[in-house]
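You will see subunit A twice below: alongside subunit B first, and alongside subunit C after that.
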Partner chain A sequence: MTKIMVVDDAKFMRVRLSKLLTGHGYEVVEAENGEEAIQVYKASHPDAVLMDITMPQKTGLEALIEIRGFDPQAKVIMLTALGQESMVVQAVQSGARDYVVKPFDPDRVMMALKKVLG
Partner chain B sequence: MTPQMIFDIEPDELGIFLDEVNEHLQAMESGILELEEVTDPDTVNRVFRAAHTIKALAGTVGHHKMQELTHTMETIFDAMRQDKLISNPEISDQLLSTLDLLQLFRDEIVNQEMSDIDISEQLAGLRAILDDTGVPIAASSASSAKSNGNRTAQSITVILSEAAQAAAAKQLQAGKKLFAAVATVKKDGFAPAARLAQAAMAMMDAGEIIHQKPTMDDLAEAKHDFKIEFVVATEKEKDAVSALLADVVDLDTHAVEPFVPEGVAATPPVASEPEKASEPKPKAKPKAKPKVKPKSGGVSHPDLAIEKTVRIGVERLDALMNLVGELVTDRNRLLQIESALLNAHGKDGPITDLTEMNGHLGRVVDQLQEEVMHARMLPIGNTFNKMPRLVRDVSRAAGKQVSLVIEGEDTELDRSLIEFIGDPIIHLLRNSVDHGIEPPDVREKLGKNPTGTVMLTATHEEGHIVITVKDDGAGIDPEKVKAAAVRRGLITKDEAAQLDDEEAVDLIFRPNLSTAEKVTDISGRGVGMDVVRANIERLSGSVIVTSKVGVGTTFRITLPLTLAIVQTMLVSMHNIAYAIPLSTIIESLYYADVSVTSVKGSQVIHWRDSVLPLIDLREFFIHPRMNGAHKTDGDKTAIVTVAWGKQRAGLVVDKILGKQDIVVKSLNPIMGELPGISGGTILGDGSIALIIDIPGLIGAAMQARRQGATV
Partner chain C sequence: MDVKFLNPFLEAAFVVLQSELGMDAERGELSLERSAATADDISVLISIVGEVVGMVLYSLSEHTALAIVSKILEQPFDEFDELAQSGIGELGNVITGQAGQRVAKLGFDVNISPPTMILGKGTLISTLDFDRLVVPLRTELGALNIHLALREANTVG
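Now for the complex of A and B:
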């Protein structure tokens, strides 16, 4: 089963995304900040990651860089809100495969996922 | 048919949504108040994140007004982050009133009702804050236009630098193909620079980029003309390169053409040229790329993804507590059976086993009770964190300068208490700010700091929670209180004359007594201190006040840890058992050991340098039908001294039966108010004991005595 890691500090967003993904037949693992994302990534090797940029402890950007550091193949899609353009550019430069704007359109999320999963 | 939902949220998501929104609203409120005092980067970050998260949540469920407001707030906090804006009371006012609106909108989501509240004025107010900062407010919602099919741009003109030209020539020599590529993004799309950067990443996948405009650094600063151009050297064909760009979503147009650098013969590399064995391709990577570490087979924490907490409904906790209560009763019962068996048969084998088992069961039940009790506990911070806003608003409205100091917010108490303790605390705080703290000019004249201090603290003290509200204001003048009480006919002049200062100040808890010279908008709305005391006593708590004119006033609230199971001393009168909450008991004495004297016709005992009035419970709880039943077992007659707030009394009982944990059961309302009784319980032998209501009892006895004395 394809495994997706959902990283967001807002539980509500995790619940929403998990529902969407499990509804499409994906397995979901969750993390609630960048630090945890790194640990969960190492432990469960997800096929792709949906990760918020703004999070306490470690931001999504920091986690992205670290994850790509030990897994250059990591397929990470950033979740972002408006007004974070420079962070999104940095994320893309640091190897984020795509980004989706919150509030997200479920179709857009699924499209981005299908694309990075190939 | 399910009704059409206005907001996109499922019932099972509502709890999580609410928890989260409330948490972030609270974070914003406390942060805004802190920022008014001092600009701390951590606080700014915290409020920024809170606004940011609420914006995302609101957007997700489709509350656009909420999204718009939080978006603007976020922009304001961002300006603070960049030191372009410093908070002040006016800004706080604006932000706080926005929070109030957000709370309304939160409730709309919960109730699935959309109001027609107009936020344009509120938005204008928020935007005005940003006016002088030069910080633009981005549109709050992304263009929803989805452009999946990328159109193709027309011609491509690229001008190369000398260095790029040299690189191009070198690549051609190495047998690579050169392509010029251009991509554009819609101007109203979100984060166009990021999309352009994505296009650049796609081109890196194609081969080596020998020219890119704008550069990655430009993009990071959003310097672009919604367009990006490349020259890329690759072994791939044009279609393959084009496909890579087509894969980038949300590009408006893109185009790829063979590129011929100036001064190079216009012979594009032929496709059939034999492909060179791929040399290690030096990939043009953006700078600041982290070092590639070997994939660590390190420690795995698979359980990190699993929630460490579960949500339990209050009802379930209540049910658990009830069951534990039943267990406590059964345990007591077993002890009774054990002692009956011991009496009848002596320490026979099986009875020793029973004793052992009873001991173990007792310990387990105690632990279970403790665990369930703790599961019901919440930190009082949940209530305290509403107070800074209240104090701020009240003090601003009253023209006072007040700093609120909160301590002990981690102190835990039963959630049923938390629910009801908020109102009394609010009332006391309002009172302190409104009537306690003097206006700044007055304080200054008195040589005090113009800013008054109100301390709100919570601590654990021997099985109680103590909450204090302390101010350094004007204090309560006992003479004024006495005068007011006499004027309202609550006490006579003679009675007033006999009161010491502490007793006089305590009169503020009497109904219909207000010493406030002016009724303000905030306090003095008819809900008096009597209601505060009544509410606290309903929680089996007590409140006392100490005050010194010119120095300040302290209210001290004492609460039990829980209401469900109470440690008591069982006593009996006329062979009926009564339970006295242990928390009220000072000590127990044998009647024979003390000297009872009579003062003004009332019995008192001299006890530890003070004189305690005696309340003879044998008389108090006598019933006509018990006539003749009253025989005093002279040896065992005891006095239990109790305290409630500042009041103390000695209770005369027939016999002390012993200590016991009891499960409080309320009495059937059919029985009405029973003076001196607060509830009942079932004892180990199945019989019933009534729980003595100490404050009620003392009050009733004192009143009876006053009437008795005056008649």
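Now for the complex of A and C:
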């Protein structure tokens, strides 16, 4: 089963995304900040990652850079509530494959995932 | 309070409520309030810094909050638990993020703080004791009140 890691400091967003993804037949693992994301990624080797950009402790951008450091093939899609172009550009330059702006459209999330999973 | 910043927040709230709840909101009457006490069961406070400074507060009844999170997550909520609080905080976060983009289009770069949840009607918050514009947005699920106190960073009060 294809495994997706959902990373967001808002529990509501993690639950919401997990419901959406499990409803489409994906297995889901969760992390609530960038630091935890790195640990969960190493432990569970997800096929793709949906990760919030702005989080406490370690941001999504910092976690993305670290994850890509030990797995250059990591397929990471960033989630942003702010639509901050500069952060999105930095994320894409750091290896993010795509981004989704909140409030997210479930179809847009699924489309982005299918694209990165090939 | 500079009223030119009101429309970006109203537009953002209309867009987000339509997107998240699939329903239109109706704007109620604008009022000016000054009270250190919260006016609703639930308040979400977000600070704004940058070229515009101040705060936005979203307030609503527990009944409305539960109806909103139940609708978004498509599961019933009977109590305003940690998950429901996270949902309402995120709603405020997303509206403010969208509003921030619109404020940026007016020529002012802003950053927003993470949401702070204040529970209980009549809770005294000393930092709320200043003039703020309040606009109720009425939906089928109840009213979401937007309290706004913003000014350009290089102006006084």
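Here are some notes:
Quick note on the criterion: the second predicted complex is superposed on the first by the 117 of 118 C-alpha atoms of A that agree within 3 Å, B and C clash if a C-alpha of one lies under 4 Å from a C-alpha of the other, contacts with A are read in each partner's own complex, and residues count from 1 in each chain.
Rule of thumb we're sticking to: contacts are C-beta pairs under 8 Å (C-beta built on N, C-alpha and C of every residue); 3 or more make two chains touch, one makes a residue touch a chain.
Everything numeric in this text was worked out from a predicted model, so none of it was measured.
For the composite obtained by overlaying on subunit A, subunit B and subunit C cannot both be accommodated without a clash. Once the two structures are overlaid, the count of subunit A residues touched is higher for B than for its counterpart among subunit B and subunit C. When the two structures are aligned on the shared chain, A:A10 is found in touch with subunit B and with subunit C. In the superposed pair of complexes, A:P56 makes contact with subunit B and with subunit C alike. By the document's definition of touching, of the two partners only subunit B reaches A:R68; subunit C does not. In the superposed model, A:A81 lies in contact with both subunit B and subunit C.
By the document's definition of touching, of the two partners only subunit B reaches A:S44; subunit C does not. With both structures placed on the common chain, the touch criterion links A:P103 to subunit B and to subunit C.
Among the candidate segments 132-140, 222-230, 546-554 or 600-608, the part of subunit B whose C-alpha atoms clash with subunit C in the superposed model is 132-140. Once the two complexes are overlaid on chain A, the subunit A residues touched by subunit B in the first and by subunit C in the second are 9-13, 15-16, 56, 80-83, 102-103, 105.
Subunit A meets subunit B in the complex at residues 9-13, 15-16, 29-31, 36, 39-40, 42-44, 54, 56, 65-66, 68-72, 80-86, 88-95, 98-99, 101-105, 108, 111-112, 115.
Of all residues in subunit A, those touching subunit C in their complex are 9-13, 15-16, 19, 56, 80-83, 102-103, 105. Residues 16, 19-20, 69, 72-74, 82-84, 86-87, 89-90, 93-94, 97-98, 100-101, 112, 114 of subunit C touch subunit A in their complex. On the subunit B side of its complex with subunit A, the touching residues are 13, 16-17, 19-20, 49, 52-53, 55-57, 59-60, 62, 67, 71, 74-75, 78, 138-142, 144, 146, 148, 190-194, 197-198, 201, 216, 219-222, 247, 249, 286, 288-296, 298-302, 304-305.
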